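These notes are about the structure you will find just below.
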């Protein structure tokens, strides 16, 4: 199971080095996870995080991030984010996410491993509802 | 002449008040102007700002911003930015931009007037190339 | 009544034009207002916005911003923010804020007028508590 | 050798979860490294990155980041960043950085390992000038 999302590089994303500020790849990766959640999967409806917060009182929080920066991106570049799940537990999911320059044979720009956990509004660990988990995990293969 | 662009609200855009951080509407408005420039207009090819910098040695800088905040937006909202040109001079363009919640009869969230100027890499005023100006201005009506 | 606050320009604040991204002056101005509130005034204790939210259930929200950009700032520059109150009403305060390069006779970089309002957690207008208002307003002169 | 730097949490740093947006710890860590560089060390003058770029044509870029998030921080919290060098090579330095809530016995909020490399303006690897390296490394112990 994987998901593709594209982001455009705007002025806000760049820094005085003329390239995308490295911390912003965490934002790009998060947008991709959010769109995956909203998009759903085959046979599984998507959902927004605001709905999950309002209706279930649950949030997804990030437990750890590890990102390697391979090549710089510049203003106006289109970046393709490829996301997949490396490990899915009861309360957390580990994503592997890669950012490519979205041109033919475009190089890998950055790659990351993002660990996400489900928590209550009081920030206590909570089980990921099966309907959400099924978006990211092909249950038969788990 | 006008242009419509949509942006999704992600975690990065919100603040602890539970709403979109007001400064981020300047980012949304800029994304819309950037996409307008890239998209072009009827009979006028679009162009990226990176191309303009690389090929013409020109940048667009913001001279002033004035934004009124009417209604808050929240995580996962889709925002529709409507942009138009209020005044187009030789070296600058004044944009009027409005952000609506993108649902039927969605309310106005924020409205702004953004003054942009064309400058050289040394940040000196420069004439806007006619081919770029034609993207934003219906020349016959000027 | 006025208040001085200084901010350093870091990589995160710059863009590919080699200068401070204009939207970030709104952040600098807000940091200055926040520090003014925390610092208090002669004979008036300061307070944090988190305390105001937790103890009084009140937030300050920004109603409008108008900023003129005069000169660019660069990485590592020190910026001095001078803030004063132009008008103080029962539910809102209008601030005038100026950003200077913090060197002898440093030029004016940006100037803004920021309208702030006091609201409840449900985002309804609320009277500014007199103890907070007194931080920003010399009551005898009002 | 180590360095302490403090940052205050402002509205811009928070998200709708009511806590500091995790990506912003990368900004806090970078501010700390920048201030360390500017501050210098015993017997070694500090320097700004803008000076290094202007005078030596060199930039520091981030090669990788790995951050664990332990406890959330909130609006108005004061965060203390403790930075040290884990490994210093000819072209790169690996920093270990920890963010603590800056109250007595304040908990660890986040900890990270940030790999930085020295590059030319064309983004090619370059040797770190010894005068800069000496800020971060007690040469006798290396």
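When the chains are written out, they are named A, B, C and D in that same order, and each has its own residue count from 1.
Note that a residue touches a chain if its C-beta (ideal position, glycine included) is under 8 Å from a C-beta of that chain, and two chains touch if they have at least 3 such contacts.
All values derive from a computational prediction rather than experimental measurement.
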Listed pair (C-D, A-D or B-D) duplicating the B-C contact set, over half by residue number: A-D
Contact-richer chain pair (by C-beta pairs counted) among A-C and A-B: A-B
Distance between chain centroids, defined by C-alpha means - subunit A, subunit B (Å): 27
Averaged-CA centre spacing for the pair subunit C and subunit A, given as whole angstrom: 34
Per-residue multi-chain contacts in subunit C, two or more chains: 11-12, 17, 19, 23, 27, 30, 74-75
Complex interface listing, subunit B residues touching subunit C: 17, 19, 22-24, 26-27, 30, 59, 61-69, 72, 123
Residue ranges of subunit D touching subunit C (in the complex, touch as defined): 8, 10-12, 27, 30-31, 34-35, 38, 48-51, 53, 74-77
List of subunit B residues in touch with subunit D within their complex: 11-12, 14-19, 21, 23, 74-75
